Amino acid sequence: MEAAALSLAPAAAVGIPLAASILILASGRYPNIRESWTLIAAVATFLSVLSLAPQVLAGGQVGGPGIPFVGGLSLALRVDAAGLIFALTSSGLWILNSIYSIGYMRTLQEHDQTRFYCCFAVSIASVMGLAFSANIITMFLWYEILTVFTYPLVVHEGTPAAMRAGRKYIAYLLVSGVFFLFAAVTTYWLTGTLDFTPGGILSADAPPLLLSALFVAYLIAFAKAAWMPLHSWLPSAMVAPTPVSALLHAVAVVKAGVFGMVRTVGYVYGIDLTRALGMNLLLAAVAAATIILGSIFALRQDSLKKRLAYSTVSQLSYILLGLSLLSPAGIEGALMHIPFHAVMKITLFFCAGAVISTAGKEYISQMRGIGRTMPVTMAMFGIAAVGICGLPPVCGLVSKWFLLIGTAEAGLPLLTAVMIASAVLNAAYFFPIIHTAFFERSAADDAVREAPLAMLIPLVLTAAASVLFFFVPDLPFGRLAALAAAEITGVRY
Amino acid sequence: MKRLAFLTVIIIGILLLWAESDLPRFGDPDTPSRTYVAGEYLERSLEDTGTENVVTAILAGYRGFDTLGELTVVFTGFVAVTLLIRRGGRL
Amino acid sequence: MIESLIESLLLRYNYVMVVVLMLIGIYAIIAKSNLIKKIIGLNIFQTAILLFYISMADVVGGTAPIIEEGATDLVYVNPLPHTLMLTAIVVGVCTTAVGLALTVRIYENYGTIHEDEIPGVEA
Amino acid sequence: MIWELNYAMFVFLIILAIAAITARDLIVAVVILAGYSLIMAVIWVEMNAVDVGFTEAAVGAGITTVLFIAAVSRTTRRSKD
Amino acid sequence: MIVLPPAAAYFLAAAVSPFLPRPLRRAVLVLAAAAGLSLVLLAPEGDGWRFTLQQGIELTLLAVDPVSRTVGSIFALVGLFCVIYTIDRDDPMLHAATCGYLGAAVGLVFSGDFFSLVVFWELMAIFSLLLIWNSDISGAGDAGMRYLYIHVFGGGCLIGGIALHLASGGPLTVGPVAGGAAALLLITGIGVNAAFIPLHTWVPDAYPKASVWSAVFLCILTTKSAVYVLARTGSGLEAVAWMGGIMCVYGAFYALLQDDIRGILSYSIISQVGLMTAAVGVGTPSAIDAAIAHLANDVAIKALLFMGAGAVILATGAHRLQELGGLARRMPLTAACCAAGGLAMAGVPPFGGFVSKGLVIAAVGEAIPALEILLLVGAAGTVLYVARFLYYVFLAGEPAPGPDEAPPSMIVPMVSLAVLCLVLGTLPDMVFDLLSRAAVHHAYAPSNVAGAFGIAGGALLVFVLAGGAFTPLGRDVPDLDALTRRAGAGFLGFCTGPVGTAADRIDAAAGAAATRAARFASNFQAGVVIAAAVLARPLIRRLPGGAERIRAIDRMRRQFPEVRAGRWDSQSGVLLIALMFLLFLVVYLVA
Amino acid sequence: MTLLSNLPVLPVLVPLVSAVAALVSGWYDRRAARPIVILALALDCALAVLLLSSVVGGGPISYHLGGYAPPLGIEFAVDLLNAFVLAVVLPIMLLAVVFAGPTVGREVPAEKAVSFYVLLLLLATGICGMTLTGDIFNLYVFLEITSLAAYALIAAGREQRSLVASYRYMIMGSLSAGFILLGTAHLYVATGTLNMADLASRLATLYDSTLVHTAFAFFLVGLTIKTALFPLHLWLPGAYAYAPSPVSIVISTAVAKVSAYATLRVLFSVFTTAFIVEYFPITDVLLWLAAIAIIAGSVVAIAQTDVKKMLAYSSVSQMGYIMFGIGVADPVAMAGAVFQILGHAVAKGALFASVGSVIALGGPRDVRGLAGLAARMPVTAAVFAVGAASMIGIPGTAGFVSKFLLALGAVESGRWVFAGVILASSLLTAVYFWRVIEVSYFADEADPRLPAKEAPLSMIVPAALLAAACVLFGIAPDIPLSVIEPAVLLLLGGGP
């Protein structure tokens, strides 16, 4: 491994949103100033993340100074290809999401917006920290902070239902945090280090049973990946305002869980040990079951956001599945699916939010003919939905392509079958929405009443990005994914 | 409750009595407590402090700090009782 | 074996007394709900401890630790426990005083000095 | 040291201790406690702890009793146990 | 001169046309279709438009060889006629979708790598879905969903097969796929689009429910392109050949049972595609050429017939045989065109169908003689259903009153296609010159002609003699999809019903457990005491006064959580101290 | 005899002398007491820091009071551990006294202000003495000073239930002192000395004696009562809950932590690791007790509706962590336990400060009453949230570090069940703290009983400082750990 170049950019990526959160809190009484802090921070964060890209694309790594922690451990940041994928995705989408939030929150005249933006900024900071964590303990720090600071966003409405959902949310995620801590402690005990190292830090000397149990602990720790049966916090969290569902519960938080599993498999266990323990099969089984069941559960949701949530549950396990294949193409596909699913799913949520806030409809059965009144919104919805189903010309196909090659490489035809079945199920829950929106007629008038521009522009942009990444997947996620996959597997694909 | 208390106390008593068989006999002159530091007090107190009463010597000299503590306890007790009982007044 | 135990206890009858008095004190604290009785029990408990110290300082044929110059054949009892107990006695009295002050205040506030009659104060 | 005397005094102590905690009249209990302390002081003096014995007689039997009586007089004499 | 991939013209039109005013849109559409055709014809031989999408995905967007040019040009040519057919319709979504669909099909034909193949394959599915949905006929929505399910499944199988192929070291370039699982998946995927039995039910399900304008596109592209892909990747498998034979007979048989005119044509697609599939399955060069030739013919024929059917439906508002009749008098041109198409499909000289069908049967007969019989049966069936179709629509009965001939925008393409059918029959070399392996010059050998007339005549005789057997049934004949539909509905019901309920139950149980725990914790001390007492109930009952104690426990349970469990005061505190001391003493002295 | 050469004894003398001074000046002017107390404690803090730095720089200090060398005289033995504890505890006491200002006249009757402040100083005296002394009888004396002051302080407020709580504390505390005294007696009989270091060395040959065993049992019970280890915690909830707010802060942090320190000192410096771990594994019993304490404390805390009582039971649980570290008795877990002394002190201080300012300003004390706290008193609510996060063990707060170390220690010694207990307890903790955070931040409307506006600065600033410390030590635990780790090694390695 090359020596990591030192840079302040990773620290800036974490620090800027944190600083912004304080500024937001301070300027709570002036909404315009407050929102501009968010926007400025979003752009600055994205730029500082982006500034890291050239070095990483060139195959290098960027490190940052660490704060000494307990027992020779330190809280340190390090940027590699995998982390950069996650960070770029989240920070990039934060910009759009901020614009969207402004439109959404103002349209609905939401209360406590200062708290909302503040917690949002801290959440993003922790996502950045998580993506750039150099070791497990740093990751845990941000993982838990993410849990805590997304809670106010989940219960933002303050209704009894929201509070219930919030309790569930916090219960699941704190439990997972406990397992995370256990796993971290045990790993530290076994290895004396917690640094993420390509090829893994655990060795096969330890008792296999312990290693297997530890793996399960890691798996539970990353319940943020919403694998079944530890998924039910995610649909519940949909009581949150839509920007939260869009960026956090479709992108940042859940991807944090998935990303954690990437780190676990690739950088803590290493693929050889994972395979030797047979844990790839466990992971594959969990992922496969989640993919199928998640889609099935999505089928029965009438609430659009809940359907999207279950769709997220199912799609996240694509990434886990790709990871479990332990093959270059599989891991590459998995890593590509992180940003690709992100742009598609955030588009879907943006659209859902636009419909909720503009038309006041949150159930699919109410959305007859909505494609005529909100053509742009629903067209973008259609594009993203098509992408989630893995159909062209949207980026979902690219990652699915690699994932399928991965299943073939891994010699697990059953997983190929799962992918195919899942595609059918995805279509089964997404296309009826498109049909309802465009091909059924509403009783009401068809006058066009689009969402405000602040919401429309982000969702068009994300939809455009979903298509763009189909045509240019290398910009730069494909290349980064390939680099990371090569780093994890040791095979240049 | 009382029955349980009685029972517990009796059992503790039996156990303690059994345990105390390691204690020196009453009035045994050769216990560690006598042979170690006590002797030194008896030997040195007169020249160190000039008092004949060794207890006083220790009280005021060797373990004078305990006595300071004792005074502090009294002081504390005084203030405490004042705080608890007195209404009005200057304290 | 029992005989040897009894013999051993007879030789240490002071400690037997300590144990018995101590336990009477503890029993009083547990079994009596009267707050003053509890303090009486505490006092008995404390004096038992004092007794322990004093009796362990004693020596067969010893004299009080007041040095008589020239008398070399005297066996003095251990002075240190005596010193300690002077402190402990004062401490005990102070505790008693505070406890009694509290009792008085409780009586003023609740009109009773029986703990089981004080309403609504659960641990 | 006369150990028979010691024995006797110890038995007496126990009786007084039990009496002190069983007396229903608190003043009586306090007086018994004072007696208990005095006997204790005597035992200590007899055990060559002169200073302690006198202190106990003054503080334990004296000041403590005063404190108890003051407290009892400000509360109530009757105890139900 | 740089030649764009032809698909680009169509996609451009698809993207632009919805936003144009109507006249301009019409111009753009026709222009795009024409441009697409000319790009197909101009495209240079060999691989062009190659680029790397990403490490591992090298695209070839313009791979031109005789076969692809043949298929591409027939698609583009017939597509042009179809576009003209729909030009009067004011429906931006229809036009966009048709252009996209055409583009995807043409793109598929010229894609030289598996990735772009998959992309265009899936795009076809999406655009065709939009075309199906874009219909006022009831049931189009559901049929569209069913259509989608099976095509997404098929697409998945295709990608899966390709993935296996690639993973086992196969090249990304489109070519024969070897290996058991890979080929199986691939052929299953293709089989969906090619309407292999039993994956065929979407054809008769969806096509009759599509709008008149959509159907003309649907009927030419999806199945035929599947045959084309099969020819490129999975030719030469005997099982496939047999599948073709079965399709041929099965389709013909079911076509005879249909009342819906487009239902007849839909099964006819299956039957004709069966012929092609059989030839591709045989896999010899001549067989493949025959298959492609038949493909070209069938594209023209099906477009023509669907156009005719569409014109009929538009004119009468009816689409079932028993509601139609005698239209030859009212719509002579339409009738003539349909007759030409029907004859061509029946393989009557001098129409194109005769040439290609003869070649297919000959090529198959060479390799698998037994299969030839199946195909001949199918051919005879074809004659029968064509006769039935033409007879009951145009000849029998009296026409209902209504407008006369179809508008020119429909007549023109129909006539053109009829001419095309004729040309393809009279100048077969036009097609075969495009194919490099033109090995067939004896199509019009007297024996062939006689055979064709023999079959046609025989079948016609049967039709005339056993006329009663072919009258409209007045009801729908269930196909295999009756089963799958029920299974599908059952599955969906199971997913949304029991599975969902189970999930809800689990959720509710977890919630209830949490509530219980919270209730218990709200008075923990009493809870523990009660729990212990309840557990020890049998023991307590035996104690003296047990019954009274049990009652007390029950009283506590009822009053929970307000009940107090004992007093926690200094008394119990000191007792606990004593007990703990006892414990330590025991630990230290006894243990 | 310079001032600095007497450094070890100064932390004890300064508050003692100031107490007298405060009493005298308070006699003339009631308002004079508070500045004196604050000054004295500030000076004491400075002394504690000085002491710590000189120990860090120059190694352990043995100070012979009156010039009499131990074992004849009394020794003040200052090493890293007690200097550290003192440096933790005294600043918190200072903050508590600053905090106390606005509560006098509200929670505490104004006419009792002087004795209240004097007792706080005397409490500080006792605490300093307990921490610094190297003589076991001297420990008892200072323990009694501390306890007497605490009894009175708890009952200083207007809350009448505090009288009963104080009485119970008095009874159990006196018993505890009696047990410690008895333990001392047994040790003295066995060895003839009272000096801790001396005891440790002389005990080494006496591990088989039932005398020593009995002594140990006495000490164990006495000390566990003082540290309120379950099930000997029954005095604690009332005492913490009904005491005036500043007193709650002081006894839940300073007194509790120093008691824990005393336990560590007696167990490891007097009886030594060899005895408690290797010779006779009492640690297993302690571990189980600690585990039960951790779980039961949390479960009972869940049942509480009174916030202060909830915090009190939370202390039962959290003090269990310290005992847990002692039970595991390996350097890592012990470091965790000592870190917990720090972490829990600041966090619990912050919590009691924030709840205390609500109650002291006339607000409600039940959980539901805190509805809408964040809107009315944002800083107070934030302080509570930070403290709660630390209790739960959210990383980035001090509570996490100790939990991490304790879990690591448990795992390292193969005690998986106990590692599980440590981890599970954070969930239970989350249950009852989250409830409060939920109502205080997300309730629809504020409870009308809440104070209308934020607490005065003299309450906010100490609370905020404690919360800030909580975060600081969570992010940079290396600062205290650089002291704790050698201190623990020293402690485990043998006598001071």
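Note that the chains are named A, B, C, D, E and F in the order they appear, and that numbering of residues resets to 1 at the start of each chain.
One rule holds for everything that comes next: contacts are C-beta pairs under 8 Å (C-beta built on N, C-alpha and C of every residue); 3 or more make two chains touch, one makes a residue touch a chain.
The structure presented is a predicted model; accordingly, all values stated were derived computationally and were not measured.
Asker: Please give the intersection of the contact partners of subunit A with those of subunit F.
Answerer: Common contact partners of subunit A and subunit F, which must touch each of the two, are E.
Asker: Specify the chain most distant from subunit F by Cα centroid.
Answerer: E
Asker: Would you say A-E or C-E is joined by more C-beta pairs in contact?
Answerer: A-E
Asker: Specify the chain with the shortest distance from its C-alpha centroid to the centroid of every protein C-alpha atom present.
Answerer: Chain closest to the assembly's C-alpha mean: A.
Asker: From the centre of subunit B, which chain's CA centre is farthest?
Answerer: Centroid comparison gives E as the farthest chain from subunit B.
Asker: Whole-Å distance, subunit B centre to subunit F centre, using C-alpha means?
Answerer: The mean C-alpha positions of subunit B and subunit F differ by 26 Å.
Asker: Counting only Cα atoms for the centres, state how far subunit D is from subunit E in Å.
Answerer: 104
Asker: In angstrom, rounded to a whole number, how far apart do the mean CA points of subunit E and subunit F lie?
Answerer: So the centre of subunit E lies 74 Å away from the centre of subunit F.
Asker: Give me the residues of subunit A that touch two or more other chains.
Answerer: Each of 171 in subunit A touches at least two other chains.
Asker: Got the subunit F residues that touch at least 2 other chains?
Answerer: Expected reply: 137, 141, 144, 148, 151-152, 155, 167-168, 171, 175, 188-189, 194, 210, 213-214, 234-235.
Asker: Where in subunit E do residues touch two or more other chains at once?
Answerer: 568-575, 578, 581, 585, 589
Asker: Pairs of chains that touch, anyone?
Answerer: Every pair of chains in contact is listed here: A-E, A-F, B-C, B-D, B-E, B-F, C-D, C-E, C-F, E-F.
Asker: Taking the touch rule as given, give the residues of subunit D at its contact with subunit C in the complex, in rising order.
Answerer: Result: residues 1, 3, 6-7, 10, 13-14, 17-18, 20-21, 26, 29-30, 33, 36-37, 40, 43-44, 47-52, 55-56, 59-60, 63-64, 67-68, 70-72, 74-76, 79-81 of subunit D touch subunit C.
Asker: Mind pulling up the subunit C residues that touch subunit E in the complex?
Answerer: It comes out as residues 26, 29-31, 33, 38, 115-116, 121-123.
Asker: Considering the complex alone, what residue numbers of subunit A touch subunit F?
Answerer: 67-71, 75, 137, 140-141, 144-145, 148, 152, 155, 158, 162-163, 166-167, 170-171, 174-175, 178-179, 181-182, 184-186, 188-189
Asker: Touching subunit E in the complex: which residues of subunit F?
Answerer: Per the touch definition, subunit F meets subunit E at residues 167-168, 171-172, 175-176, 179, 210, 213-214, 216-218, 220-221, 224-225, 231-232, 234-235, 280, 282, 285, 296, 299-300, 302-303, 431.
Asker: Any idea which subunit E residues touch subunit F in the complex?
Answerer: My answer: residues 518, 521-525, 568-570, 572-574, 576-577, 580-581, 583-585, 587-589.
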